[in-house]
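Reviewing the structure listed below.
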Amino acid sequence: MVQIKDMLDATQTIRPDGRAVDELRPVKITRHWTDVPEGSVLIECGNTRVMCTATFTQGVPRWRKDSGLGWVTAEYSMLPRATTERTDRESVRGKIGGRTHEISRLIGRCLRGVVDMKALGENQIQIDCDVLQADGGTRTASITGAYVALADAVAWAKEHKMIRANRTVLRDQVSAVSVGVIDGKPMLDLPYVEDSNAMTDMNVAMTGAGAFIEIQGTAEHRPFTRKELGELLDLAEKGNKELQAAQRAALQQD
Amino acid sequence: MVQIKDMLDATQTIRPDGRAVDELRPVKITRHWTDVPEGSVLIECGNTRVMCTATFTQGVPRWRKDSGLGWVTAEYSMLPRATTERTDRESVRGKIGGRTHEISRLIGRCLRGVVDMKALGENQIQIDCDVLQADGGTRTASITGAYVALADAVAWAKEHKMIRANRTVLRDQVSAVSVGVIDGKPMLDLPYVEDSNAMTDMNVAMTGAGAFIEIQGTAEHRPFTRKELGELLDLAEKGNKELQAAQRAALQQD
Amino acid sequence: MVQIKDMLDATQTIRPDGRAVDELRPVKITRHWTDVPEGSVLIECGNTRVMCTATFTQGVPRWRKDSGLGWVTAEYSMLPRATTERTDRESVRGKIGGRTHEISRLIGRCLRGVVDMKALGENQIQIDCDVLQADGGTRTASITGAYVALADAVAWAKEHKMIRANRTVLRDQVSAVSVGVIDGKPMLDLPYVEDSNAMTDMNVAMTGAGAFIEIQGTAEHRPFTRKELGELLDLAEKGNKELQAAQRAALQQD
Amino acid sequence: MVQIKDMLDATQTIRPDGRAVDELRPVKITRHWTDVPEGSVLIECGNTRVMCTATFTQGVPRWRKDSGLGWVTAEYSMLPRATTERTDRESVRGKIGGRTHEISRLIGRCLRGVVDMKALGENQIQIDCDVLQADGGTRTASITGAYVALADAVAWAKEHKMIRANRTVLRDQVSAVSVGVIDGKPMLDLPYVEDSNAMTDMNVAMTGAGAFIEIQGTAEHRPFTRKELGELLDLAEKGNKELQAAQRAALQQD
Amino acid sequence: MVQIKDMLDATQTIRPDGRAVDELRPVKITRHWTDVPEGSVLIECGNTRVMCTATFTQGVPRWRKDSGLGWVTAEYSMLPRATTERTDRESVRGKIGGRTHEISRLIGRCLRGVVDMKALGENQIQIDCDVLQADGGTRTASITGAYVALADAVAWAKEHKMIRANRTVLRDQVSAVSVGVIDGKPMLDLPYVEDSNAMTDMNVAMTGAGAFIEIQGTAEHRPFTRKELGELLDLAEKGNKELQAAQRAALQQD
Amino acid sequence: MVQIKDMLDATQTIRPDGRAVDELRPVKITRHWTDVPEGSVLIECGNTRVMCTATFTQGVPRWRKDSGLGWVTAEYSMLPRATTERTDRESVRGKIGGRTHEISRLIGRCLRGVVDMKALGENQIQIDCDVLQADGGTRTASITGAYVALADAVAWAKEHKMIRANRTVLRDQVSAVSVGVIDGKPMLDLPYVEDSNAMTDMNVAMTGAGAFIEIQGTAEHRPFTRKELGELLDLAEKGNKELQAAQRAALQQD
């Protein structure tokens, strides 16, 4: 494996792609990317590209019936050749892997964290995030893109009188970004080459108001201190603010 | 269901999208659509959009070892929201459906039909066709697009000295198109609204030389006569010629 | 593998089993082969032997409810030692293979192609084709035998007042036969040794009126021309006429 | 459900099919029932019909390698329409049910009980028992029929020099029969109507020498006493002797 | 494998753990071992330890509805490190093995053999037997322990007015024990080292009244005679009487 | 559901079980709980009870071969009646759920975070955490208990000369605890009744040196601020210190 320290200029910390340590990769959010879904978004974060769709259906799963509350759920998947080495299809293997399960659940929780289920009423929104090309940060790109698809699906439902127009279903925005400590240095928005060299790797989902919906930090390779945690959260805050600006810009277009 | 005969002008046979009965939908073939696969193509036939990748790997499956021959295989899948109604993921259901199996096998046979396995040597090419948006003809679009990805993967392998440059791995082109009898009238390249109203539905894969690789005609709703078969094959021949021209045009660019 | 050209006399084209190129293997159809099914048929085409049962049940699957229409579906399976080498059971492997799926779907479509679903009413007929011994042409033998089992099940249902006696549920007969090009020569009804040497292999299902229900031609080893296609269809027409005579003869006995 | 006591003449104990309490149903064993397996037997016990094949292969499973010992294993399955109500295929359901597992294991143990694994050498024999029609006693008919198929496979292997001619692979015969207590009365060889009314149900596999290989008695509906057990074993002994005579008669023909 | 004959003193038949041939291992039954189940028992038979819980739920499975009858079912499982070599989890492998199926079914039948389903009414009791440590006899220990958990669940249901207090749901006790012939000598209650050396192995479930619920004897390694069967049943009778005394003692405490 | 605010004394914040907000439930760690595993621990945190075993095997999975590095992996599972309502077994359902996958992966990462894979050499340690009784915090109890089992397995391997005695395989301790915000108030070590009422729920794994291995905070019900995060981490630090003292105390006994 390429050792990232060989690529980093020790004194100046220039990253392999030339970004500053606190700089996001270019973000591009394309709405209405396919025609039929109620929300359909292509999000590109550097070379990572994820197709996020939101499917609105009336009614909720059985266990939620007659609660007056809606439901939001998510599924994440990677196309076989999103990765450098081809990954076998989970449909062919006949079961979903742990990583896929973990990420699907994460995306679902993050979106539900900003949805007012009462305002949604007994309706369900299913999010599908399919990674077309993977270069690190696919789960955080999925959350950021899925929020925009979700917003479009809610707007669609209001327009089609399935949700009353005056209800505020989305209490806030949500976006997510990865941060990590590489060669001792905290950095924002890791592409694959950095991610696989990270000592500590953290995904942080935040609301527009700057509160946390989800923090997942893992330090398989070297424990991190509370001080490092603080620096990582500072980077994540900066990154999420910029991603939320991109979300708002996308949603203002038509 | 919308009855297509209400949409067809009986004397002039204008189709819902205004095409003549022997007219293809617009075709667009984008090569190098993603970065990492050895072949990566986005094919668009009208509203149908399929991502086709070709993965080249050295070595063959065990049952093929020491035969001196290569292998080409294909997998087809539909993203959940490629369709108007969301389709459950086969990975979540834990098994592959009959339709998926049938189409994956069809694509594989069509491509193998033009590959010289000896010239390929003990190498494997895996084709993945993932339907991003479905509006009829997804299996034929997959074949047509996959051929281009296959050609790119073969070129890549020659460039990387994994196949000798002077070997002719691809004996010919292959493309495929759907034809069908709708309200008694044979037509070329059916979108979903026509396909679901067809009495007879046929998929025809042909080589550049005009020979057949695969014919699959099914008449669940009304048997077809040998005369109708002749007319359908005429249409398929015309369509495949045009698709092959589009393949060649795409492969000449860089 | 035995090369069939070594077995064919080049000038006279005598086939390994001494048949003429347009000659069917001996066909034997035994009705009421087991006692309990509404239709139970053993069909023998040369050494190929398939047990075909038809199960009549009142009511239709949920997606078909309240349509006033019936449903016919089929499942195909091979006993483990129907083949020269033992094949692992799909129940043990935990999943159905692509070939099985493909054939089950084919049989279902062919039978539905001659059933008037309105006349059948909201009833379901399930066809099971289990191959006891396989020597080529198992899918076409299944279709031919299953039609007879289907006819028996329809008669049973009329007798038991589950379908009104004056309704014509079966609009026509259906049978199927394989044809192929072997060593450049079109031939009818291929046993395994020929089938595995075929350049082109085609299964053709036809109605009593001589129209097509299904054509599946595949040319993995050498593309076929339109002229060859014509010759293959001529052979298939001849074969299907003879098979349909055998079906009628079987159904007239009691 | 039909109550069997209404069918039994209380004083004379005439059984629904007119047999005496210690009388077997007619047994018919047909060898070489299909052509390719090393052993292929159709066994009919009354209306119960089971196809038993024995597949001989050189080599043993990995866990048995280099032990100098052979292996015998068995799989049991019911065709969907062997039963009055159609049973869903286990391949379609994607898993093997408990009853199938239990019976497959039973058959394997019974056959291994008479095989000298050293004499078999590092070879494997796979038994497949497929029930074509079920009317009670399918597992015991499977054991009785499978023994004959096994004997044919061993003879085949000796003839083909895969086992040395002077080795005694089969130390003895094995057959099995069901017995049960119905309405307080012990009886031999229960058809379905009796089996489903039995208070106690027992399957007994015995060698030609009259020793037991397997006893499985279950009394879900009424516990049985040691005296009843004795009577049941007497019946089983008588039945197995007659079944073993039928096995020997079949094996002497050619 | 350790040969038990090396451990047995030929003249005196002292067993590896010093027990007499007709002596049970120490039995310990702990009720209320966990807090929430309606019945929760830890049973220890020598080094074998099984956690048995009984879950009472109102209502029965669909196929049992409106019968006025209850249902009792059981599931058996082994923790991965209950055994000397770690066993892969069946949940990870994605399917239940034949041995697990066989034992789960055995436990269910044994318990149902003493339950009056009418007295239970339309309620279900689910038994779970999870082996924490395995040293032979796990299935018989499961039955013996599960009976106590079942009794506690019935008492709980009476206390909570889900079964009327005056109904006798349990017609009798049930316990089970293993017996076997080792080196020609019948013995009671086999630990793993003996079990794996047994020529014949038998599990016997009996009621308090001394009748049989289930006998499963298997002689994969050497057939057993009727005389040996008699001796084995004598041992099983003795063992079960002692186990039932232990059950009663446990149920009298509080 | 019981509302925890009804149970909390608003001014004094007495928790349902009388603990102070920063107080752990009683912890009990029993080593050598079963006999055969290389490490076998029962950990009890209040009413939560988890059996943790560590299985040491020589050699590593294929993808790790010849790396000179070892591997540690973990599987988590819940016994069906660990919970108030019985949970269906994942082995019976035929697949592992997302929650199980997520937790198994978490436990594995936490333990690997303190293991020096080079010192472990090409050996594998498999951790199994089976929840016998669940009352909140099962994943954190699993991590805390598994560390002790891991330490025992490492000691066992040194004693048996499978790891050199002078190597430091465990770089540090690791323990984990849950914290959460309930009714606006941060609290340590949540039992089920609190956990299901938490606005924010966080699991924190720390080393003996006080650094973080894993932080997983989720705020499905109300986002949390950076200030709240700080308070939660303070509580987690206190809790982990106490848990690590309990680990050390357990490991010093023999």
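Think of it as A, B, C, D, E and F in the order they're written, each chain with its own count starting at 1.
Basically, contacts are C-beta pairs under 8 Å (C-beta built on N, C-alpha and C of every residue); 3 or more make two chains touch, one makes a residue touch a chain.
By chain, UniProt protein names: A, B, C, D, E, F = Ribonuclease PH.
A quick note: this is a predicted structure, and the numbers were derived from the prediction, not measured.
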Touch-network distance, chain C to chain D, counted in steps: 1
Path length in the contact graph (chain A to chain D, fewest steps): 3
Distance-maximising chain from chain F - centres being C-alpha averages: C
Distance-maximising chain from chain D - centres being C-alpha averages: A
Numbering shared by both copies at the chain F-chain E contact, with half separating same from different: same
CA centroid of chain A to CA centroid of chain C, Å: 51
Multi-partner residues of chain A (at least 2 other chains): 94-96
Sequence of touching chains round the ring, chain D onward through chain E: D, E, F, A, B, C
Complex interface listing, chain F residues touching chain E: 34-37, 40, 47, 49, 51, 53, 55, 57, 75, 77, 79-84, 86, 89-92, 94-96, 100, 126, 128, 130, 132-133
Chain D residues touching chain E - in the complex, by the definition given at the top: 95-99, 101-102, 104-105, 109, 112-113, 172, 202, 206-207, 209-221, 223-226, 229, 233
